[in-house]
């Protein structure tokens, strides 16, 4: 059984799907590991590191795709790449099914067993495979550092001989994993942090990090969907939210938005007219940029200055911290793969919650219900 | 009666005083007991030497028999049965006082009727009360409170009638003083015996230690009143000592349980240990400890491992933890922190939390490092953690977290778990750990609990 | 005067009793109770004296009292000692 | 009396020498305030803010230079600018005298009374004018944020389901104001911080921030010069230092260097061969870049990647946080100017320690001893 | 002698016991004093009523005169002179005991010579000792220890001779018991009077309170021995009470000074307040306080302002400060932090430091905000700060920091300054604040000091 | 027997004295000292009794004793009260 790790060619993608450490794990589980030359370079892992760990260095990307039984990646494959995948092989990467309809069709055609690291259930047991958690955590942390670097002001309170500097006001919208980490990091830097989220149980979590939770008064607590994800919310709610957000934003120095709704475009939390009332020098870090952005003005992978307000739409923030991002992602994927390997052979047990949850095509069928629904809708 | 015997009684009393004082400090307790025993030895020997016309045969026979029984009892009893043993001994003491007073009264009925009655009343009450307490603890009588309607009224009636008979026997009985007193005397005994049962039976097994302590105080009073009957300084001083200090001890014990004495005696609640049934219907029997008791356990520990969880963050108790740890470390104990990879609600949550309290990185251990350490850990302090210490993950294949590596806190000598309720954690599953033999629960908000715990630790 | 003197002694002893214990760690509750219970076996002194009182009932009562009180004293101190031995650190 | 604030035209200079707040102070002291249009823009102070504060808006830079009695700036003037300065006027800016010989000659010619904010004595009393402190503090803070953004690794310790992330190792070389603030900020972010400096008394200060001080074993404590500044140190010392530094650096993730010796080029603490042994992915923030850099490879205002080691030579870091940098600098300068104003007129008392310390040309004479020495040397 | 008088004495004694108990708690102290006074009233009245053949004229005259003098003394004395007042009263008490015993002895010389002598010895010693103590405190005698070679030996000799005369007067004097006893009796009195002086004179003024407390205990013993002479229960019980509790109090006071009783009595150190001279030769007289005393001051405060400085950072005492502040806030006090712009060694140093301990931002006040607050602040706690609170900056034009705005801590009721030594801060200049009337110095590393202070606060 | 009884009382009173104070805050040191000092003025009772003793010396000594002891008692309690009044919070 060959497991292959190709180099990532996407722009800004510095990560790699396996580290020398995870290569060792695969070899211990009885797999043969092929890796594309230079795959780890941008994550600061050298070819030599991989060879030392026992991997075979392959210089052509094509060779990997056509020969491997299991192919693991960070980003989804290109159409071309998916076309040369070996039939009936296993493919694993971060993969938003609603964005890559034609790739899925190829997968079905080739009877690829495809896993998306996006779909790992958010249960306690699956935590070690939960790439969304590990990568969001990095995004939340980095967003604060990048935001603070953009800011023309200090984050902490300082009382100096040349005057007292008030602490920066940080507002975190959407307090999932990324949001919570953003709260924690801003707090560490001494800023005044407020946060909010549609899921009411998040209040306690925000407070457990020492920040203030802003509540939108609402009658029915209907922001929660299945599996811990937020549903798109009612119109009335949205209105109230917009008002409160607008007021808070106008006073904030740094706004970090992380609101996502799986399988849908990110909700717009900051419209243009809200940005208009922000102070000059304020910064918006939009972590939802990849899914359309939580701010109306966000442009993906660009940092724009709109009337003195800086809006950073960097999509792949974990890619900016590639060493640890790859280490964690590599560990997540390795945990998934060793989970379904039995004596060096993959055994796909669709009864298993984690397997069935994270698989989306198998033996020519789409197995993931929301994806089926999406295909049905057209 | 030689006048010097009283001097020896005073000396004996001094030994008792010092003994009791030392008994209330852990380090000196044993020597305190020895001192008290020596005081008793002085009292007995000087009595034997001074009083003349004693019936030595009976006395020595009595002492021999009593000693043999006492030694056997004391040797045989299991450690867990100590409280009931004390109850029996106490009953015997009360009985003895009452017998002595009776003997004096019966042989010379002009000895003050009033004081004899007091002595007999309290002694007899102690006698039966102690035996009921013993029965409850030993399981001969149901440990549950036995109550019926009008119970309190009946008890009150018993007391009133007895008091009437003690104060004015002749209002009720024969106006002939002697025979009237005699009849009243017997009735008082019977009333007291009944009252002992009536007062003790409605109290639950869990509250028995308090009751025994109270009865102990009574038996002191009984001895003192017998002292008045015999005009014997030794009995008076020692009896008064035990009576007063026993009452204080009883009060301390009540405070420790956060109850008033009245509540214990008349509450008739005497609830049993909590038992909670989880959502899956399984029954878990837990032991709920006060922070004071927990402090004692920590005090005896050498190595403590703190297991922080989401609840610690919710309570924002990071500084409180640090204060406790500092205190323990200053006492020469080792304190480590076991960080489970998924503790909290975001990756690294516990790290952020403990960093806020400036807890040094080298004390934070991850799962692989810390798990072997639990084997020789005295106390694992689980603070607001739940799923990450659930042993079901190790053995219960049906558990949704089966297979997740957990912190093996159950391997340590004592597991102290703090949370607010018996509610489950994030995964929504019950935790059998709470019912383990070496587990103790300390309920409350983590910050409040730790603050109290620190206070109690400092007060030891 | 005798009774006044005895009362004085009684009252003072009560004060001593009240004051000597102020704080007791929970683990010592039972041993302290048990130890002071053994002291209340001082009734044995009374019992010894009681045997002197004439009359067979009294003597009998005295004998019984001696036995009971001795059990209280001997058993009480020994049991206390056993409990306390347990606490000694290894 | 006219006090004028021109716009800064240097590349990367976002600061301005006066904020609306300091304009108010000047007006209260009886001065007339002229400001160049757009001067505060890059610091997020609008023209309107200045007008509201009472300043007169001037659109031509030349008009300011030729008419003002007191001219305050952030950076030193260009040769052209200095040539049009009004005779006998007062000039104040950050000014390293040894770098601008020809400007000084013009100043002497025009009998300009010139103050350098670099020369403010480091005494307790002069703290409120101490621009080096206020700006270094920003540099130290920003350097950590920028460094952490460059890093491919996390700063704090994290124990997560995908493995334990060790804390980043931060090394601060030179623990003056900037170094101390860098220590504090790294510490806040959860890194493991070590620091060192040639001045032995700094040890206590480093420890007072919770970091570890690395000591170079030395026999004579001769690293200390006058006024709290470090002297260039002995050869033997340098050698030992190099060795210890090399070892520590090779293990560090982030190295922040701040070592400066006033009036001299910055000491080289990190030579090329030291960089060679650093881990890939390590970062050097060289705060001494403007004075030649503490690292041999530093290139001013460039971020280079040398075999995977990132060396950031941004010279004007405070300029990256312009709002607060200007606020503090503006306050520093205003404190100095109101200090020598008596009833709205400047009174230059050369007996005063602060005045004599910070002035370098007055009535056609160089008054600053080290500058005289420098001129004498050629 | 009526037998009931003894009952009243017992009742009086109970009042004394309760009175002393209450006197040792701040909240109940005043009522405790009243209780004790009432007990005394009972004792006196019942004596007057019961004893017959009293010389009422003399008695009432004596009581009247004594009362008038007592009232005048008590009213007139300045608050600062309280300790010497107590010393005088105590001397009178000891004198009275010794006079009573003498009177009894002189009128009926067969009353036990031994016990009379003990009473007279202790009473007389107390008398002169108390007056020396008074003289030292009032300044009539030098407050410095007055010592000479062989002083201890002389005192020992006095004691030995007196003891000899008390135990075996006839070995020395006339073998005729009566006249021999009489001579010995007078010699004992003289020896005791000398001894009182000899023991007290080598002790320094600062230690006088301890000495007075000890002499108070002695006067209790004197009263008790007089009780034995008169066979009076009232005197015996009350005297024993005062004797024993006085000794304990003396011990507590010694512990508070971190000295042993022996050290106080024989140490002959009794050092005066420290005084330090700065580099410029100016003398500053400072008051050095213990953490225990500081705790009392904090306990009485409503509003506390913490002034952190570089020393707090050096000591890394940020968490300790927070703990103290939490404690004070829980007691309902206001705690604020005054941050001087240049405190520490880098801009914002104190902010970084206090943020580490999670001290809320709204409690941090900068110079302009906090300076008006000092006016109604009870205690300013200056922790490792120096230059930033140096009042020379306000008024001493020659000071190198003249003109710098400082934190006006000296405006608060009490300024508590903690540092390790009298060394200057960064600016290298002396700080006159330390010698201000409302300043107290608490020396030590800030972390250690705060830890102790917290302990002491909790023990109040 | 009398003396034994009196001794008993004495000893018990000493124990009570030892036990009643365990912890006293420093501010109360002086008041407590002063208050218990006033109690030691119980010698006034002895002084009163002493006036009864015949003989002019005794009576004179008794009178002096009454004066001194009364000063101790009255002054002591009053001074204590004054001190304690100070502590009252405004």
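Which chain is which? They are A, B, C, D, E and F, in the order written, and residues in each are numbered from 1.
Following the convention adopted for this analysis, contacts are C-beta pairs under 8 Å (C-beta built on N, C-alpha and C of every residue); 3 or more make two chains touch, one makes a residue touch a chain.
Just so we're clear, the structure is a prediction, and the values are computed from it rather than from any experiment.
Looking at chain B and chain E, the chains that touch each of them are A, C, D, F.
Seen from the C-alpha centroid of chain A, the farthest chain centroid is that of F.
Over half of the residue numbers at the chain A-chain D interface are used by both copies of the sequence. Two chain pairs, B-F and A-E, are compared here, and A-E has more C-beta pairs in contact (counted per touch definition above).
Centroid to centroid, with C-alpha atoms defining each point, chain D and chain F lie 76 Å apart.
Chain A and chain D have centres, each the mean of its CA atoms, that are 39 Å apart.
The geometric centre of chain A is 57 Å away from that of chain B, both derived from CA atoms. Centroids built from CA atoms put chain D at 70 Å from chain B. Of all residues in chain E, those touching 2 or more other chains are 13, 17, 233, 237, 341-342, 347-348, 352, 355-356, 358, listed in ascending order. Residues of chain D found to touch two or more other chains are 127-128, 133-134, 137, 156, 158, 160-163, 165, 188, 190, 210.
Within chain C, the positions touching two or more other chains are listed as 5, 8-9, 11-13, 15-16, 20, 22. You'll find the chains touch as A-B, A-D, A-E, B-C, B-D, B-E, B-F, C-E, C-F, D-E, E-F.
Of all residues in chain C, only 2, 6, 9-11, 13-18, 20-55, 57-59, 61-89 touch chain B in the complex they form. Across the complex, chain B is touched by residues 1, 4-5, 7-8, 11-12, 15 of chain F. On the chain F side of its complex with chain C, the touching residues are 5, 8-9, 12-13, 15-16, 19-20, 22. Listed in rising order, the residues of chain E touching chain B in the complex are 319, 322-323, 356-358, 455, 458.
Of all residues in chain B, only 3-4, 6-7, 10, 13-14, 17, 233, 237 touch chain F in the complex they form.
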